[in-house]
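What follows is a pair of complexes built around subunit A, which joins subunit B in one and subunit C in the other.
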Partner chain A sequence: MSGVEGYMYPNEITLYWSVLIVLYPYITGLVAGAFILASLERVFRVEAVKPTYRLALLTALAFLLVAPLPLVLHLGHPFRSPEMYFTPHDTSAMAMFGYVYMWYLMAVLVFEIWLDYRRDIVLLSQSSKGMLRLIYQVMTLGSSNISERSLVIDEKVGWIVTLIGIPSAFLLHGYVGFIFGSIKANPWWSSPLMPVVFIFSAMVSGIAGVMLLYMALTKLRKEKIDMHCVDTIAMYMFYIFIIDFSLEMLDLIHRIYEADESFRSLNFMAHTKLFFSQIVLQILIGTLVPLLLLFLTQVVKFTEVVRKRIYVLCGSLILISVLAMRWNVVIGGQLFSKSFLGYTTYKMALVTREGLLVSIALTILPLFFLWALVKLLPPWPEKSADQAVAAD
Partner chain B sequence: MNISRRQLLVLLPAAAVAWKSVLAGTPEDSPNYTMSDHWWGMLIDIPKCIGCGNCVRACATENDVPDGHFRTWVERYNVSDEDMTNPHVISPDGGKEGFPVAEEDGEKYFFVPKMCNHCVDSPCTQVCPVGATFIAPDGVVLVDPKYCLGCAYCVQACPYGCRYIHPQKEVADKCTLCYHRITKGLTTACCEACPTGARQLVDLKNPKDPIHEFLRTHSVQILKPQMATGAKAFYNGLDGSVR
Partner chain C sequence: MSSFKEARHLFHFAGLFVLAFLVFLVIRHYYVPRSFGEYGHYRGAAIGEIGSLPVKFAGHQTCESCHTDILDVKSKGRHAHVNCEVCHGALANHANDPASVTPVKPDTAVLCARCHTTSAAKPKGFPQVVPADHSNGVPCQTCHNPHSPALDAGGAK
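For the complex of A and B:
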């Protein structure tokens, strides 16, 4: 049979989790990472990253809005998906998705953004005209009190929400890792480290994503990039990436040393079918190169221009690396037989429901949402509501 | 076999009813079936399997199994003395049309029928997000096709590769142990079609079922015991190389 080497159980030849399931943890990871970056400023008082605070929140929201789409599109019966809310199966990890998602979306992210922007929304609802005015009025939710006292309350409640948001972000993405890590039938997935690896790689990718967005948008706006901010973000990214890489290497070394019955299969895959996506893309280009470059920025005094270029390169490589990691987990986990006697091939379609074009569209879609959110709720200090009102 | 006139009086109407069922194409209803009275499993006697593929064909016909997917299949193992942990396994089209003649190389060849193990602690039912797949009170693992989302999480969770997504219905599909038959007092299509009795439907709750005697007197194993799934497909004569 074409694409099959050795022996696969006959029902294993087709891969049932496609590239859409690769996107799902990737997108939720970006959400969790972006939120963690926002919490650096809000909870841990890392003032240097303040210029990215609001952008990080809006990025998290834009990606979170798209996060369920790959899952729903992948279902054989998408219209039955509400059953996960109404009749969840209490022993299923996947059944939690709806609740974790709604909790994170409504109780954490939307609430925090609303609290943070409430003053701006009220001012904009007074200064805007036409349809926009109506939208802002709806967004105030009838709460137009922006007295000093009420803003202090907003700040306090927002801090608590962010505090709750950190474990929630961990829950959101750790849970995605658990979906894979808890499958004992699949040795490529089955690992208690999986949720932890997912969380740290999520943090790295989300931080890299927001950093790149901040740099790109600032450049587009012809403003000056706050280098202190970007340096600080890069430092955190570097340290978290070290933890992430260490965990992944721990998992790898453990597998190599233990060499259980699945090892021959997994080792074969790493040397053949996953060689490019795992060894070359994920580990060499996507991890070791950015780690080395980020390390250099910590110990060598580069000029601002060089640092900017390094950060852009590292951020891009990290995003590719984490996407490759998701690919290697999801697709790699289905390429070998549970008999450990054979291997199959993933053939990605182009224009089907789970094809390449849909995947590209789903990857770009959050950026459109972000564009709309940035227009509606400008995250830039110089474009805050005060200036808007003053300009009017 | 001696049959008395009294027995004949009972058997003749029974035969007439059975013949009517055969002509009708569906067995009679069995309204007296009580799920909690049964605990179904399957005995697979490997030395008896000749790899004819009758079971695979019968299953596909009985259950309208789509091409390229299998509720049951047969594997042929070829184990050499030199590398017993790395057998050469084939299952062309699930063994539906039998197997090519084995080479006269002095190595070990044997057939292994595979199917859903109807596990007591089944990983597939554990992970289903809506409970569309479940263990019936009689121990059969079933899927409700009107409720299944088609997420394929159960396919990933099954250690034995027994599940697939039905290409037309887009829901999880698998061996039902011919539930429509066994609840009416019949055996499964695969058991019925097996010419050597290599497959036998067993009811562990029936004290008169020969399985109890068989389990006591034979060395019987399950597939992948390390998975702790409580599999109920019992294999007699299972070679250590079988995965």
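For the complex of A and C:
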């Protein structure tokens, strides 16, 4: 049989989890990472990253709205998906994810954005016209109180929401890692480190994503990039990336030393089928190169232009690296037989429901949501409601 | 103004949550079938509904009560434990009214290949071929008797 080497059980020959299941943890990870960046300012009082605070929240929301789509597309039968909420089975990890997702969306992200933007929303509901005015009025939820005292209360509640949001973001993405890590039949996934590795890689990718978006959008708006902000983000990205890389290496060393019955098979894959995506793309190009470059920015005084270029390059490489990591986990975990005697091949389709084009569309879709959110709730200080009212 | 009044907008948001939860409960009430959970994590009424469906398979004993000649051949060959309707399809209608419902004979070139096409996943002792190389589209029954496929059992029967 073409694409099959050695002995595969019949139900292992075709991969059931396609590239869409690669996107699911990738997109969810970007959400968690973007939120953690926002929390740096809100909870940990890292004032330098303030210019990205609102953008990070909107980015998290835009990506979170798309996060379940790969799953729905993969499973088909979208009308059955609400059943996950209506009749959840307590032994189903996926059913519980539905609640984790809804908690994070509504109780954390939407609430925090609403609290942070409430003053702007009220002002915009008074200054804008037509349909937009109606939308803003609905968003005020019938309260136009923006007194100093009420805003202080918002600030305090927002802080608590962010505080709850940090473990929630960890829960959201840790849960994705848990779904893989708890599959004890698959030695490539079954590791208690999986949720932790997923969280840290998510943080790195989300921070890189928001940093790139901030730089790109600021450039598009012909504004000056706040280098102190970008430097600080890059510094945090570097530190978290070191932890992420260390954890992944810890997992690898543990596997090599333990060398259980699956090791020969997994080792063979890392040298053959996953050589490019794991060794070359994920580890060499996607991890070691950005780590080295980010290290250099910490110890050498580069000019602003050089630093910007390094950050854009590192951010892009990190996004590719984390995508490759998701690919190696999801696809890699299905390429070998549980008999450890055979290997199969994944051939990605192009235009099918689970093909490349749909995957590209799903990756781009959050950017359209983000565009709409940025139009509705401008994250830039100079575009805030004050100016809008003043302009009127 | 009191703190309660200053925080009233938060109650509006909480109200939205409560409202969403109530809407969820109402939809759930109508959406989830009454018999769900009666016996387990499924719709209890499904058992009765499935039970009332017409029977499609006759069972090999029914086939064998008439087709004794086939049973004689089959019981001595490698396919002795392959039930009739595995290859011929569900035949309860034929068993109920043999005169007017005549089953179509399966195309052996397609049917046999379903089990006997070479696959790395199959045990080595299981007879398997690459159909294009083995017969090049010629129906298998030209050489093999599907009811007793060893070559010495004779084909075209």
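Of note:
One rule holds in what follows: the second predicted complex is superposed on the first by the 391 of 392 C-alpha atoms of A that agree within 3 Å, B and C clash if a C-alpha of one lies under 4 Å from a C-alpha of the other, contacts with A are read in each partner's own complex, and residues count from 1 in each chain.
We adopt the following convention: a contact is a pair of C-beta atoms (placed from the backbone, for glycine too) under 8 Å apart; a residue touches a chain by one contact, two chains touch by 3 or more.
Because the structure is predicted, anything quoted here is derived from the model rather than measured.
In the three-chain model built by superposing on subunit A, subunit B clashes with subunit C. Within the superposed three-chain model, A:Gly142 lies in touch with subunit C and out of touch with subunit B [touch as defined at top].
More residues of subunit A are touched by B (comparison of subunit B with subunit C). When the shared chain is aligned, subunit C comes close enough to touch A:Phe111, but subunit B does not.
Of the two partner chains placed by the overlay, only subunit B lies in contact with A:Phe340; subunit C stays clear of it.
By the document's definition of touching, both partners, subunit B and subunit C, reach A:Thr87. In the superposition on chain A, contact is made by A:Val157 with subunit C only, not with subunit B. In the overlay built on the shared chain, the residue A:Tyr9 is in contact with subunit B and with subunit C. When the two complexes are superposed via chain A, 22-30 is the only one of 22-30, 148-156 or 202-210 in subunit B with C-alpha atoms clashing against subunit C. Taken together, the two structures place residues 7-10, 12-13, 87, 89 of subunit A in contact with subunit B in one case and with subunit C in the other.
Residues of subunit C that touch subunit A in their complex: 1, 3, 5-10, 12-13, 16-17, 20, 24, 27-28, 31-32, 36-37, 41, 118-122. On the subunit B side of its complex with subunit A, the touching residues are 68-70, 73, 75, 86-91, 93-94, 114, 123, 125-131, 147-153, 155-165, 169-171, 227, 243.
Within the complex formed with subunit C, the subunit A residues making contact are 1, 4-10, 12-13, 82, 85-87, 89, 106-107, 111, 114, 118, 140-143, 145, 147, 149-150, 153, 157, 342.
Subunit A contributes residues 7-14, 16-17, 71, 74-77, 80-81, 83-84, 87-89, 91-95, 97, 179, 182-186, 333-334, 337-341 to its touches with subunit B in the complex.
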